[in-house]
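Listed below are the structures to be examined.
What follows is a pair of complexes built around chain A, which joins chain B in one and chain C in the other.
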Partner chain A sequence: MRRLLLGYAIFAAILYAIPGIFTRVHPYTMSDGVQMAILAIAALGLIPLTGYANQISLGQAAFYGTGAYASAILTTHSGWSPWLAMLVGAALAGGGAYLLGLFIFRVSGHYLALATIALGLVLAIVARQLAITGGSEGIPGVPYLSLFGVEVVGDVDYYYLTATALLLATLVVGLVVRSSLGRSLTAVGDSAFAAAASGIDIARYKRVAFVLAAVLAAVAGSLYAHWVTYIDVHTLDLLLSIQMLIVVAVGGMRTVWGAALGSFIVVSLVRFSKEWLPALSEKAGGQVEIVAYGTALILVLLFLPRGVAGGFADLFHRLRSTAGTAREPASAVAAAGAGTAEAAREIAQAGSQRGERP
Partner chain B sequence: MAEFFQFVVTGLATGAMYALVGLGIALVFQVTGVINFAQGHFVMLGALTFAILAESGVAPLPAAALALAGTTMVGFLLDRLVIAPARNQPTDRLIILTIGASIVIEGVTLVAFGTQPRAAEPFSPGVLRIGGVSLERQYLWVAGAAAVAVAAVWFFLTRTTLGKAMRGVAMDREAARLMGISPSRMSLLVFTLAAALAALGGVALAPIQHPDPGIGIALGLKGFTAAVIGGLDSPAGAVVGGLLLGVAEAVAAGYLPSGYKDAVAYGVLILLLVARPTGLLRTVRAVRV
Partner chain C sequence: MTALEISDLVMRFGGVTAVDGLTLRHDSGGVIGLIGPNGAGKTTVLNVLSGALRPTAGTVTLDGQRIDGLRADRIARLGVARTFQNLQTFASLTVRENVLVPLAAHAAARPVVGLFTLLSGRDAAAHRDRADELLADVGLLDLADRRAGNLPYGLQRRLEVARALAGDPRLLLLDEPLAGLSRAESADLTALFTDVASRGVTVLLVEHDVASVLAVSRRVVVLDHGALLADGEPAAVAADPAVRAAYLGELDD
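Let's turn to the complex of A and B:
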């Protein structure tokens, strides 16, 4: 328990230290920081769903877009409070996921991936046609969020808000995966037969994980809408869903830190590929980074099946097991970069607790 | 009524294309348990390679052969480089790998060829008219290519030893392994075969739908719908499913606002997965966990 609290304390310390780093280190900007936090929240729900229950969702953007559109429409057309609109968006997404989950988990298999990809594409087509969603032009003029009567404008302030949201969301997902629900999901993912034989209602647990993923994605979508103050059908894009899947796969699907770590890696990849390959990017319509993160996804899944976090955990284990004879490597890693090494150690601890559980 | 017949004929012609994509998806799923998200991208690769070669003055036949060979090679490499090394991982990780491969294929073609659509000349230009129904002649090539491919796959699966071995793996991987059939080699074979089928469809499609690197996802999803209509693991069902989907889409598109045309196939897919995930064409429900 102390280890776990320490984990969250270190995670919070890293999150709140990021503005100090990103405002000084080229080529990062604070808008990358906000993007990372929002992407991590949106992808976080995939850890119980895909990492534990082995169900692939390619519809995270459908729920993200639902949140974004609910916030945009309710605040601009109906003049609602942004927080209330966010709540409605989350409820819509969660309700939709619950309904779809009622049917889709009746049979097992990988039907969820197909159903969610189709759901996202249908919503994108509908959003492009309807007047209330602004057609392909989207919705401008979404108000800023205000907290205790103060408008949160500017990337640094908004980063603190989204980072806090990420911290809370990570706590929630952390509690979920450590609860009996998380253990049941693990059982379902490991062997559906054995889980069913032990009396676990497989469909119900998958549904709960799916609803949680949808709600988190919707909240992230609302946060995005109030940050850029303008949204269009890109919030429903399939590529965004794929990106969220990549975030958890690269970061590590079996630990709550995977989403934050993965979104740091993915946003960095996008940033660096834009920085280094601008010529390529122009010809390819600015989507050249999909090569980078597609390749990253394949390489990580092949060589680090438990993601970068799992890789850190293995490294830490190896270092600790040889620590008696050679103390140097561990301290070398610690010296390499205070922040990263701390993160590595923390993630390693969390990973070893989680990964080794039968 | 003539209008309706027109929709049915156009639908069957485009449905032949979906059938071909769906056939590849069903074969790969049956043999490996993997839903191959790169199948539509194989069609895109075949169509784009053919169109680019044709644009630069290569004669149709060698251009088609090169497009076919190139795409088949990509299918071969997908299995060897991405699927085979991860063979021992759970199926959902393999599916995620095919998603990764699909966006790499799309990204690399984007970087190499840009976003603009390419146009290939139809094999036989003009429009065919029978009664009140008219059809671009190129559609006959699509339908013909699909028919030849389906016949060839049927012959392969039922009349050759290799094809029977492949069906053996599909029925029971462990038992097949005990009989000396290597599931890993069958996986290589089925991915290569699926890529070849897709490329064939792509070449025939290129003159109708001017291909760009972005057409893969939509084609793939229509292929999934076709395959799911047939129950996902039935090659014959996928072919029928593709034709049904083509007709349903053409008829619905005829009466719906044009912006919603693509939504028909996706809507059908969702409804199907919700109402009858084991396929429309099944009478016996397979229990799978």
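Let's turn to the complex of A and C:
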């Protein structure tokens, strides 16, 4: 517990130190900071859903867009308070995810990926057609968020707002994955057969994780709408869903810090390639940027299959187990319980294998 | 004593009939050995009983309640637990957490209250004590904080048994729990099975090690090509010429 609190303290310190760095260090801008925070919130729900329960969703943008459109429509058309609109957007996304989950999770396999792609495509088509969503023009004039009667306008102020939201969201997801719900999700991801045989209603747990992911994405979409004050169908784009998966894959799916770390890396990559590639070659436009970004991604996934955070964790374990190798087999022998020497040898072997794992 | 009743059970996969009209009644508890040559349909029977498969035809009742066709997790919560022939531990959880999963699942089955229990960890202390008790029973308590996936094979088998017992089953299905174990480990585990059975749990034991099955079972059922070949007391079954023929002399080992 103390280690966890320490983790959050360090995380908060880093989050709140970023404005001091990004306003001084080239080529970062505070707009990158806001983007990182929003993208991290949007991707955060994929940690329990994909990282723990092993379910791939390509529909995060559908829920992100739902939040963005709910905010935009309810504030511009109906004059609602942005906060209330955000709440409604989150409820809509959560309700939608729940309903979809009722059907998808009854069957096993990767239907979720397909169904969520379809959901995003359908919503994008609908948003392009309807008058209330502004067709392909989108919705301009979305109001800023107000906090204690003051509009949050500048990027620095908005960063503090979104960073605080990210901190809270990370705390919520952290509590979920550490609870017995998170343990059960891990069980489902590790062996669905054994989880069911242990009495776990697999579909229900996947649904809970899916709803959580949808709600967080909707809040992120809403935060985005009130930041840029203009939204269009790009908030529903499949590429955005893919980007969110990339964020957790790069950052690390089995740790709550993965979303923040991943979004820092992804947004930085975009920023750096935009900044420096044109300097290398005059012809290098947006296309080369995507290539550079893709190459970096492949390298991370090749060499750090558990993401950057997972890579750190492995390194830490390796350092610790080299420091304590002498103790491990001894405790294992004592631990063999019924106590055959054979079992103890096996454990010792397994222990050393773990230590040597790359 | 738990009454298990299997009636005219049929399980077909496309053109292959894995279980062919199996009927079996048992209401006296103890360990039932289920043996038969490879492909006889033993694991399929366990898969149907535990709800991993929905039978093509026939019924299964547990203490008079029909369980065939129910979802696997419902069957589990009605008191049927199992282990797996191919290890299915929750590899990324710790040993203790593996046992906590069924404990929490059985406590959290009710929709709203369940979610609250899950998030609050209200029963955490009681569950932990119970988990440690079960781990002590299989000799894994000292490894409780190890990652299950890092345990050697034999210990993962024991962990599956502890996990299965966590649901306080009425019917325990064991799919080759002794495979790959040393003689000493086998003896430990079979002693545990007898102990569990003496507490009123009906144990259905599928096992290749026929000698162990004959030693530990009160009743032995032999399947061949999905149908009942022999059924009775261990000694009688071992002496049955049809069984000896099906096993081509394996019983002499």
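Rule of thumb we're sticking to: the second predicted complex is superposed on the first by the 299 of 358 C-alpha atoms of A that agree within 3 Å, B and C clash if a C-alpha of one lies under 4 Å from a C-alpha of the other, contacts with A are read in each partner's own complex, and residues count from 1 in each chain.
Just so it is clear, contacts are C-beta pairs under 8 Å (C-beta built on N, C-alpha and C of every residue); 3 or more make two chains touch, one makes a residue touch a chain.
If you're wondering where the values come from, they're calculated on a predicted model, not measured in any experiment.
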Using the superposition on chain A described above, determine whether A:Leu15 touches chain B (first), chain C (second), both, or neither. neither
Go through the superposed model and pick first if A:Ala72 touches only chain B, second if only chain C, both, or neither. neither
Using the superposition described at the top, determine whether chain B or chain C touches more residues of chain A. B
Report for A:Asp201: first if it touches chain B alone, second if chain C alone, otherwise both or neither. second
Should A:Ala309 be classified as contacting the first partner (chain B), the second (chain C), both, or neither? neither
Have a look at where A:Ser179 lands relative to chain B and chain C in the superposition and call it first, second, both or neither. second
With both complexes superposed on chain A, which partner does A:Phe193 reach: first (chain B), second (chain C), both or neither? both
Return first, second, both or neither, reflecting whether A:Leu92 touches chain B, chain C, both chains, or no partner chain. neither
Examine A:Leu236 and indicate which partner it touches, taking first as chain B and second as chain C; both and neither are also allowed. neither
Per the definitions at the top, what is the overlap between the chain A residues touching chain B and those touching chain C? 189, 193, 196
Counting only contacts in the complex, chain B reaches chain A at residues 35, 82, 85-86, 89-93, 95-97, 99-104, 106-108, 110-111, 114-115, 217, 221, 224-225, 228, 232, 257, 259-260, 262-263, 266-267, 269-270, 273-275, 277-278, 288-289
Tell me, which parts of chain A touch chain C in their complex? 175-176, 179-181, 183-184, 186-187, 189-191, 193-202, 208, 254, 331-332, 334-340, 342-343, 346-347, 349-351, 354
Contact footprint of chain A on chain C as seen in their complex: 50-52, 71-73, 76-77, 81-82, 84, 88-93, 97-98, 100-102, 104-106, 108-109, 115, 117-121, 124, 138-143, 146, 150-155, 160, 163-164, 166-167, 182, 184-185, 188
With touch defined as at the start, can you tell me which chain A residues reach chain B in the complex? 50, 54-56, 58, 100, 103-104, 106-111, 113-115, 117-119, 121-122, 125-126, 128-129, 189, 192-193, 196, 238-239, 242, 245-246, 249, 280, 283-285, 287-291, 293-295, 297-298, 301-302, 305
